[in-house]
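Since the structure comes first, as structure tokens, the remarks are kept for the end.
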């Protein structure tokens, strides 16, 4: 029997992998993809909870999350493009004029 | 007539105020006459008051004049009120009288000085302060006068402020006096704590009505503290050092300080508090011992000094020691009596020396004098009278008072007091005549330039001299043993104690009636011995002192340098305190420790800020890392932190 | 709730949002169709200001009522109205200070104003949302607009960088927030705040670790928005890189919105389990205040300094959240309002004094300003002292309320750390005045061209700062009324 | 007539006048400012004459709601204690303004700062609402800070910041304590108020008193300044312009001592009693330490500044004697210190204007060139020394008497301060005014002019007045001081039982009951 | 049956996710992510969320990831990350952090879940009406406001993309 815990653990694994990816990667686009991975993990958790709670709100939330993710993707990629235009790189380690 | 008493204070005050505020615009003569007139009027009123007091029966000779309430706070009350009784009357007569003469003398002496009006302003203020001191009816008001004379001495000693030595001396006088005042102030507070009042009459009546047993600790502390004040003002060991330095002021000022005002304040105060002092035998012993020690100590220094005024200064200290000795053995009348006679002849001597200095265009070193006898005869004659008086040759004033003190010291005290007193008397006679001989006799060692200008002083200077000479001669007769007018007069103040005759009569039974007369002879002999010795050394064999000095070089040097007391004080107190203040307190505690730690904290915060800002690396990955750490921290705390 | 449940809908409740979105579009249209000359004459600014004012008027008209719309997912009550007012105020002031700035920086596009208006909509949704979904969507609308605005000077690398940093970290933190929401949902079966509260009440407190973890993750997500340590790291960089007017906007609007959501969630949903989160928040508060203040001392760039100062202020506000009593919660509202005035005022002056390309934003550039431009200097002094908490300025009263709240609830240690921090903060706020008044100018001031709009913004800020400082009573009463709803 | 509000806010009205003036018309600005301050002074005189010395109640009370939701009122009034401090303020301010005649740099701003400062200072002394008090307390910080920082000497910035941060760090703790009192009062009476008079009625547990006393005392001790917190003072004084120093010494320092009298003693009597030894020893150390350090200074202003530390030590000693003599002496000494130290700073300022140096070594022999100045300087010096017959003595003596009554040891040690006072003051006077003139520059010095004379003369007259007839001051404060003593637990002896109580090592404060936490 | 499916899909999901974070080439990274998303869609179907699963494929895997790929291509980024790493110390701690976070989450979700109110949308009920219809119902009643607001969000995103990425304005 697959319980909610299974799904949640899977979601946790995905979330953690996403977080770790953000921490160790240097390519802005990949980092962004890792963030998308985190969002997906959250979505899984929502849907799973909704299923086991016999509730609809979770699925709705996922719908909105996806919409937001789409909007964010557009803006985020635009930002990355803008950075690339000026700096010719998407390596975030090269993007630190401002510090301290 | 007694109601006029406030005028005594008012005149000098007004004189001082006018001279101080407007003196610059007044003519010199006006300034002088104004000042003299003020003190003269004051003297005149004093006489009236004196007469008024005499008209009253002896028991009722106590009059209070309340002016206004000065400081009131809770149960504490200090009136501005004047008290007229025999003791204060005697004092105001002496002060205003001698002061008046000194004022007159000053007109001539200070004629050429630029600060003429300033001088007279101070002089009047000085007289005022001293009169206030003796007329006040409570301790706090007395303290005003007490400090005010200190201030005036400061102003006058430092009159020639451009001389560093003068201003140093002035400061020293004030500061040393302040040390005494410290004791005095504490004494007043202790009095208030024990008597709940600071009025003389209330305190003394409480004390004399047996509320305090003899030897009471509080009373002992009070009297000791008050005595501390007295040692400052009256230049006793260990606070005498300011007095010799005070010679930096104009000579009439020295006369004023030494004779009529200031230094006598201590004696007056102890006499005033005789009721308290008699309640504390321990203090009495202290007073007598210090008095005796000072008398001897100062006299020994006086032996070798070369500055004419300095010799006189040490002689003053020594004589004051006598007065304290008298008070210390309980012979207050004798002390006050000596105070009065001393005022006469010391004023005379100082004014005389002033006259000499005036004649020699400011020279004070005796080694550059000599043979002045013929050049300034009036000065010489009067000076001679003064010297004889202080040496204690009958029937001059000094004899009676000093003799009485020695007698009392023996009767009421012990042989040691007497012998110290006697030795001091011997030394006094010696050094005074040494002074006289070196200055007026022998060969002239005066500079040529100076010699040309030698002249006898003007009339207004010699007149006070002669008057004082007269007083020095005759002043002692008020206290002839056996028929002492002064004893009678002062008896209401000193009551059962301090009255020479009663106690004298008692002791006479023990020692036989002839004792007083025997003592007179002995003291005369001592004086004459001193004079003889001086004559031998300074007139007959002028080389002898030098040889002696070489022979006893150590002692001579010690005496010449005044036992190095000033140097010791400097080394032990003054320099150390300055050093500690600068190095440890200011640069150490203040700058290093406190400011250092405060600035250190500020720097620390700034430093932490500078270190922590480095965490802000600019790398997104770092930032994300912080977020994850924070997240784990929060989650752990939220879930497991309960 | 049946699927066919009748929708409760009140047009009045979303009128301000409608107006703002409408004006957002209008601005874009005007931008397209107006001539260059009109644009030069502030037309866009006026249009958007009109929108803000209209929105404010309609928001004002619904005070005192409590409207639940969309089946209680959205509430217009005094609380959200108060915040709406703060948002509209900050938006209005931002528009006033923006005009001359964006013209100078050559980014004078209609989109700029439209985005500001849209982000205001997001904030309003955050303050009014009665369930986590609304709050989340509001947060995203606000954030996405501001990500764009931050990078608006797209030819400037510094602006790109700020935008990228803000975006990546913001999305990252939102991930945590979402995860938190999902856990709360999983644990309680609802995303409605009232129902969460009901769930907790029915269990007699939180014992469920999942719920606690959800709560913790929400603290992370919102902590990021309000710039609480250790989620603050984006603040200095983004503030520095963003267009100054947007920095001003960012430092007040989203922060206020963050706190609005924070308060709404923690008072309504977790209000009864105060003990579970006060320890966390108080640690965050201490860290936030101290880090902000201490690092601010070491700054030389005024925008960066104000960024750290803004972190520190978030720390003070968190104290009030910890105290969570009838002084602290309205105190937070009051403080945010005061902070809006003083912070936008300060940034307005930074804008006035800076040159094209954000030059002259080093603190030392202000040397000698005091007597060269007395009005600006006095205004700046006023704002700085207000932020330092010196009476009779608004900042003082705000701090007073916050410390009162802390003491009232017994958090004396927190209050003490708070005041020590405010002493530390005095140092760097004073430094501005020191440099303005007591240092000789390093170079000649080139004459400034000051547009009347920005002067109006400064004057409004000054009046607001002083008025709230001297007569705080009225506003505080309103704030107290407003927060009653959270109980 | 709301006379207190009038004198408090008249300077602010003056500020608006000045704001409207052209900053180039210096003379007009100066005269306007002076006139405003003189009017304020004249208006403050009725306070003295109409003050009823029989009652201890607050007089001239005005009370208006200000922040009603918090129970904060605009509540002002005076008693015999604050009366004189207000008069001192209104008296010193015109003098300080007159002493700033030479200011040309940013004159307008300077005068505005002076007037705002006056409002702040008066406000502190009249406030009966603790919130209001705190507002004024901080308000006067700003203009003073600007005065030091803008018109000060070379290290002015350091000094100004130090001044501000020192004071601020003390006062924030006071703010917390005020808030705590507010809630304690609410718990006791159910009423939300910041009314000081209400707080007086509170009966606080010892532990609470202990901590609140500490918080208040910390703020005030910095302001006084008492010994280890004093180091801001020399810097502030040295760098401040003359008028700044005058006001700083004349009024601002009094706020610390006033605070002790007005707040610490009556609000926390038990704690105050327990702290007697601590405060007294701090005061005594301050007296001796200030004097010793003052002695070795070579900068005139620094010397006077350290002497303030010493003098204020006396005031604190008197206040903590807990008897009428001590406290009346303390209050008198506050005024005295304001007058004489203020005057000393004026004097130093006059020298500085002439020579542009304050180093003692640069002077010497000035009496010859400036006799009138010398006389006034001497009087002021003597007043500072505490010569009987001048004002300083009355205060010092009463303080010492009071201290002596309660603790003989303290008074005895403290009394030695009067010796040191004579040493450092006279030595300074000697080095500046006496000796021969060795510096060429000093040979051409001019004696003081009419304006300077007009500055010093009123001070000197009052110095004499207080010295000779102090009762005109003491009588007015009797009732208030007696009442204060009653509140503060009377003479120190009555407190002996407090010390035998078991004082917890770190008393716990309990302001909040658990039920209060949730809302 | 669904159990095995779950495990298979779960393994695929995790594997592709881990590949994503260690893949040097962003193009392959994107492809891995798409695979993850598709796997998730399978799980959604297992969870009877057909609508979400569809949207997951269409929007996420279809639209968003294509956008990613498009940008990667546009910027010509299919190159390896540079070897230079200015923060070499962060790698290990980051992975440790990830493990720690995972541990914490796992500990937490081992506790009793689903204590909340069971709603009415049981499988039977949902199937009787239809998943999509129910969602639509809710979207246009309770969640109308957020739904409308998302339109603003998307509008904003459009403006943003143009503002930031357009070569010339």
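In order of appearance the chains are A, B, C, D and E, and numbering begins at 1 in each one.
Going forward, a contact is a pair of C-beta atoms (placed from the backbone, for glycine too) under 8 Å apart; a residue touches a chain by one contact, two chains touch by 3 or more.
Model, not experiment: these values are computed from the prediction.
Number of steps on the shortest path from chain A to chain C, with steps defined by chain touch: 1.
Ranked by how far their CA centres sit from the centre of chain A, the chains are topped by B.
Relative to the centroid of all protein Cα atoms, the closest per-chain Cα centroid is that of D.
Per-pair counts of C-beta contacts peak for the chains A-E.
Seen from the Cα centre of chain E, the chain whose own Cα centre is farthest off is B.
Remark: chain A and chain E have CA centroids separated by 6 Å (rounded to whole angstrom). Mean C-alpha position of chain C lies 30 Å from that of chain E. One simple way to say how far apart two chains are is to compare their mean CA positions; for chain D and chain E this gives 69 Å.
We define each chain's centre as the mean of its Cα atoms; on that basis chain B and chain C are separated by 78 Å. Residues of chain A in contact with at least two other chains: 4, 8, 15, 18-19, 22-26, 31-32, 48-50, 53, 55, 57, 60, 64, 68, 71-72, 75, 78-80, 82, 92-93, 95-100. Counting partner chains per residue, chain B has residues 602, 613, 616, 618-622, 624-625, 628-629, 631, 635, 639 touching two or more of them. Contacts with at least two other chains are made by residues 133, 137, 140, 144, 147-148, 151, 154, 163-165, 168, 172, 183, 186, 189-190, 209, 212-213, 236-237, 298, 427 of chain C. Which chains touch which is summed up as A-B, A-C, A-E, B-C, B-D, B-E, C-D, C-E. Chain B contributes residues 20, 24, 68-76, 118, 140, 143-144, 146-148, 151, 154, 158, 161-164, 166-168, 170-171, 174-175, 178-179, 181-182, 185-186, 189-190, 192-193, 577-578, 580-582, 585-586, 589-590, 594-595, 598, 602 to its touches with chain D in the complex. Within the complex formed with chain A, the residues of chain C that make contact are 133, 136-137, 140, 144, 147-148, 151, 154-158, 160-165, 167-168, 171-172, 175, 178-179, 181-183, 185-186, 189-191, 236-237, 240-241, 298. Within the complex, the chain E residues that touch chain A are 2-3, 6, 10, 13-14, 17-18, 20-21, 23, 26, 29-30, 33, 36-37, 40, 43-44, 46-49, 51-52, 55-56, 59-60, 63-64, 67-68, 71-72, 74-75, 77, 81-82, 84-87, 90-91, 94-95, 97-99, 101-102, 105-106, 109-110, 113-114, 116-123, 125-126, 131, 134-135, 138-139, 143, 146-147, 150, 153-154, 156-158, 160-165.
Listing the residues of chain C that touch chain B in their complex gives 164-165, 168-169, 172-173, 176, 209, 212-213, 215-217, 219-220, 223-224, 229-231, 233-234, 236-237, 276-277, 279-280, 283-284, 291, 294-299, 424, 427. Across the interface of their complex, chain E is touched by residues 1, 3-5, 7, 9, 14, 17, 21, 24, 28, 69-71, 73-74, 109, 111, 114-115, 118, 121-122, 125, 133-134, 137-138, 140-141, 144-145, 147-148, 151-152, 154, 163, 183, 186-190, 195, 199, 203, 208-210, 212-213 of chain C.
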